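In the two complexes that follow, chain A is the common piece, with chain B as its partner first and chain C second.
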Partner chain A sequence: MNTVQPLELLTILIAEDSAADRMLLASILRRQGHAVLTAANGAEAVDVFRELRPHLVLMDAMMPVMDGFEAARQIKALSGENLVPIIFLTSLSENEALARCLEVGGDDFLAKPYNQVILAAKIKAMDRLRRLQATVLQQRDQIARHHEYLLNEQRVAKAVFDKVAHSGCLNAAPNIRYLQSPYALFNGDLLLAAYTPAGDMHVLLGDFTGHGLPAAVGAMPLAEVFYGMTAKGYGVSETLREMNAKLKRILPVDMFCCAILLCLSFQRRSVEVWNGGMPDGYLHHIADGEREPLAARHLPLGVLSPESFDDRTEVHPMAIGDQVFLLSDGVVDTCNADDQLFGVERLQQVFAANRQPDAVFEEIKQALRDFGGESRDDVSMVEISLLEPAQISPPALMYSDSGQSCPLDWSVSFEFRAATLKRFNPLPYLLQLLLEVHGLRAQSGALYSVLAELYSNALEHGVLGLDSSLKRNASGFARYYQQRSVRLEALEDGYIRVNLQVAPRDEGGCLTIHVEDSGKGFDVVRVMERPLDDVRLSGRGISLIRQLGRNAQWTDNGRSARVEFFWKALA
Partner chain B sequence: MPVVTEISPDGKKLTISIKGRFDFAKHQEFRESYEKNHLSAIVVDLKEATYLDSSALGMLLLLRDHAGGESADIRVVNSSSDVRKILAISNFDKLFDIS
Partner chain C sequence: MADKHLDPDVLSALREVMEDEYPKLLDTFLADSEARLNRLHATEDTAQLIEAAHSLKGSSGNLGANRLAELCSQLEHNANSMPSQSIKKLIAEIDDEFAIVRPLYEAERQRSLTES
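Take a look at the complex of A and B:
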């Protein structure tokens, strides 16, 4: 809205005790097209101003009752933020008196006797100033309104987003600590965590290019894919492929999302990592204090086409109490006044000086302040610890169906062949099928873990012929997973057969899982004789299956595995 | 001029030189630099670039898309160690010939 008056239509107040001068000025101004108000002393002038709000004041300095200096002060106070120019009319000639006119708030002065041309020019100049001030105020208010509007939009968007993003276990899990500015979302930072059906934990720290709303919009679909696929039991690779394909499809070419996705397995004591464009994460081995970098090996999500996307992950062994530390580039890319970056070396110095693990976030923030970096509000840090499985309690899954149509007597067989084994993970489908049986739902975690172990044993030791004794130490552990991906890529034949049988028994029922593979088998007796110890990195799969399932047995030289699950009558 | 373009004498190669911070403030100039000179071989010279942020990475992706995507012939040269670190973290060496 534009309320600025055109130049000709100013209302001008003349405060002048000499009636003759007043009339003379009034007639000059009227001739120039202005409306005129008059006052015979300072007090009157203030009253008229208060009532009629003229645009400009011509003020005699020397007047009875209240002089022009005091009147100017009061009028300036009344006009507040608006500029009401005051031009002093004066026969004073001493510099000091003229200066005083300006000190009390006058904007200019005009010497008597009046020169019409000068008067008109001064009024014009003052009107320009007045309009400028009005425009500035208007724009300031507009910016303030827009800003408030924007903040409100962000509040609403954040509330909606929090419902989606925090449907996971970020705040509930006992092993996660994180630090993120409350509006990090609008800087493109995204932190998600959720349990898999087997009780593993998936964590994603992402960073979209850009700031503000554009950076935030991509976060929604990413969060939905993450939670949806994690809950269904998809692995890191499949989830990444889906996230990349989705972002590639919906984001403009110059937008992408740097991300680090990891799967922390409490049962297998390992972490599987994929890092695309994020700064190094760190795997902190508590025993020797070493911090192993988890470097970016991939392009960010949303850059490559689904065909060229590389979903290869790295797997690292962990011990109880070990921690994974992830951070966004807000930390290492903080710049100081000389355009220097905070950098990885300074971060590592903070790590090296750290004595109290709980204080590390605060120490990093302090180091950033000491560095003199511009404070950025896109600093995200998260630390995830490996606890004993018993200390982690994934929430029970919620089911919406009534259970009246639960299938109780059936069997089904699948054969997954080489081309399928390369790319497809059948576990989510198998689990979904089994969870139609209500009696099995209470043990869905154990069921999924056992299925996953049976499947990966059949695939890795059977079909791919990998030797689990490689996993004796950390470097062998890494080599094992490298070989796994090389052999899987080259796989041309082989199969895994899965047979599921559900049968009613007494008031409850029994599930028999039978998995066969085309591999060479293994020395069942030797493996079964090994104690169920905690220290070895290998052989966890077999012991897990024996602990979680019933009557686990291997036949046909280990090529055929059978496990049972029982349930009692439902209450 | 923070973004300077130069075409090789044989008219086949476009060199785009960036001076100072390579960030969103340069996106207009950067885009114009390759849109008005439609050449297939492009060199991005970062000798005088002090810093590069994620929106600059986005601009490089736009350039790549403009120059033919997978078949684009783009070299990024003279990057400082700081700039090279940023390019390395993002694994942009998988998309561009970086030296």
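Take a look at the complex of A and C:
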């Protein structure tokens, strides 16, 4: 008779009360290369198993003291998750007894008289099963460890991410309400908000292609650019250019970021919007209930080269209480069981039925549930209201330098010519320069607002010759900004000169800002006769400058503007 | 005649498997079987009767005592339904059969000892 080579030397326990059978079986197994343990009854078998942990058990069913059924049950319980195959040795012919063998955990049978070849084959098969189980357990544990590792990595990544892409002023601002599913971050949704130095608010809702860490990783540089440039006073267009260029450089070709970026100006009561590939946002005019769509007019960020990127924005007037509503595609792209999309129409029905503005998020969520959509975990919604400037309190800027090297007696002049005016925004540089003067830091918001107004007046009304009375109504407002971009594009000559003078005065000091432009000027007397109000859409810049700065005056037919800022001794 | 009581193929397979331990296996079987036969005689309890018959059937099958295994199997399977008279008769037949195979095993044992 041929002996069959075992896969591996196994330790096999024989539980059998008949001494001759036990001896015979032990001899067969030893000849096949296995190590053999023996027990003469069930109780002995359990003891031996507990102590020596054999790989496989051959078990007689009928034994004194403890029968094979009970012994098998206990051994199976002891072996836990590991598979210790039990082969019942039996000449049992009753089906009922065979069924009992299986019930207590038996894996196979071997009938008497023993056949060596069949026994070897069965042991081999059981050994294969045993190894399979061991491999499965090992892999399961490996997967569990790996999973735990990944989760931990994600936690660490999230912690780092939260430092970089913190929520900015999202939670502190009184005019923002938002709803984001907790794992939206790892689904590539990004919601950021920050104040500009002038007290305007920048808000970005972005949606990266892809999911998981890769999507979240792209969000970090985007957030850095957003917060860095917003804090320095850069406008929407420059910030977008920088974001696009950075993402284009670092992201793989199939990855990009749909985004809607807006600048809400409480002073000017307007919102400037750029939408690249996001679902329509909505500008909700409270007065007439109209919801004006803020449609995507651009490709997402990270697609176009810096040269072909289009940073043109749209500016819409707003009234106090008006709201901008932005959402991610998780809302409109939710599918129901019939593969239908929730869609824009259903969203608009929710808007139309809305009576309680505060409840609109909940109503949208309810509508998604009613629609029977599979719940998606990348739903982001945000609503930003236009409040009175007084209701908004941007946090004070933090400075880290001691002030010992603060420059106190200097002047500087710039002349920005046509080719520069087209693309370059000098305001952040000018502001950085001025904020080296410690005495001015306390009024940086006013300073920036005034500087921005002087500059945009010089550019828009002066160099570009735009008529501010266009902005009297909403349609003129849009036309105004359209013309602005057309004329700027076509600009060939013209200049804006900025002269800054800082001089010590008593214990404090004085800043004089002097802005000249190459335009046609305006009727200074007529404009100055207007009351100092801030409600109308047009001409608000002049009254803003007069309210925030000191001794504002216009000369040379309005081509030359001069404003002063004072500060007292620092404590 | 001997084939009906003892299967020579089984014996030669056992000889090959057990090698030096072959005589000891035969000794063990004979001692074990005797103990079980004694229990068959001693007990009135049907369950114990069945258990002893079952064990003896198993080991005699393994050792090639086909007729003995067959008789034990009859007892194991019918003990519950048979009148005690018939049980006694069957046990007597098992005794007789063991009396036949016993010297055959002893002779086999002797032969293997002299051969090796």
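Everything below uses one rule, namely that the second predicted complex is superposed on the first by the 551 of 571 C-alpha atoms of A that agree within 3 Å, B and C clash if a C-alpha of one lies under 4 Å from a C-alpha of the other, contacts with A are read in each partner's own complex, and residues count from 1 in each chain.
FYI, a contact is a pair of C-beta atoms (placed from the backbone, for glycine too) under 8 Å apart; a residue touches a chain by one contact, two chains touch by 3 or more.
Just so you know, these numbers come straight off a predicted model, no measurement behind them.
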item	value
Side-by-side fit of chain B and chain C on chain A, or clash	fit
Larger contact residue set on chain A - chain B or chain C	B
Vertex chain A; arms to chain B and chain C (CA centroids, nearest 10 degrees)	80
Which of chain B and chain C A:Leu434 touches, first, second, both or neither	neither
First, second, both or neither for A:Pro279, with chain B first and chain C second	first
Which of chain B and chain C A:Val46 touches, first, second, both or neither	neither
Contacts of A:Leu299 with chain B and chain C, given as first, second, both or neither	first
Touched partner set for A:Pro113, first chain B, second chain C, both or neither	second
Which superposed partner A:Ile75 touches (first chain B, second chain C, both, neither)	neither
Partner chain in contact with A:Met318 - chain B first, chain C second, else both or neither	neither
Partner chain in contact with A:Leu83 - chain B first, chain C second, else both or neither	neither
Minimum C-alpha spacing, chains overlaid - chain B and chain C, in Å	59
Contact set on chain A toward chain C in their complex	1, 17-21, 23-24, 27-28, 31, 60, 62, 91, 93, 112-114, 116
Interface residues, chain B side, partner chain A - complex	21, 24, 50-51, 53-55, 57-59, 61-62, 65, 82, 86, 88-92, 94-95
Parts of chain A lying in touch with chain B, wherever the complex brings them together	207, 209-210, 253-256, 258, 276-280, 296-300, 303, 329, 333, 335, 339, 341
Contacting residues of chain C [partner chain A, same complex]	10, 13-14, 16-19, 21, 24-25, 28-29, 31-32, 51, 54-55, 57-59, 61-64, 73, 77
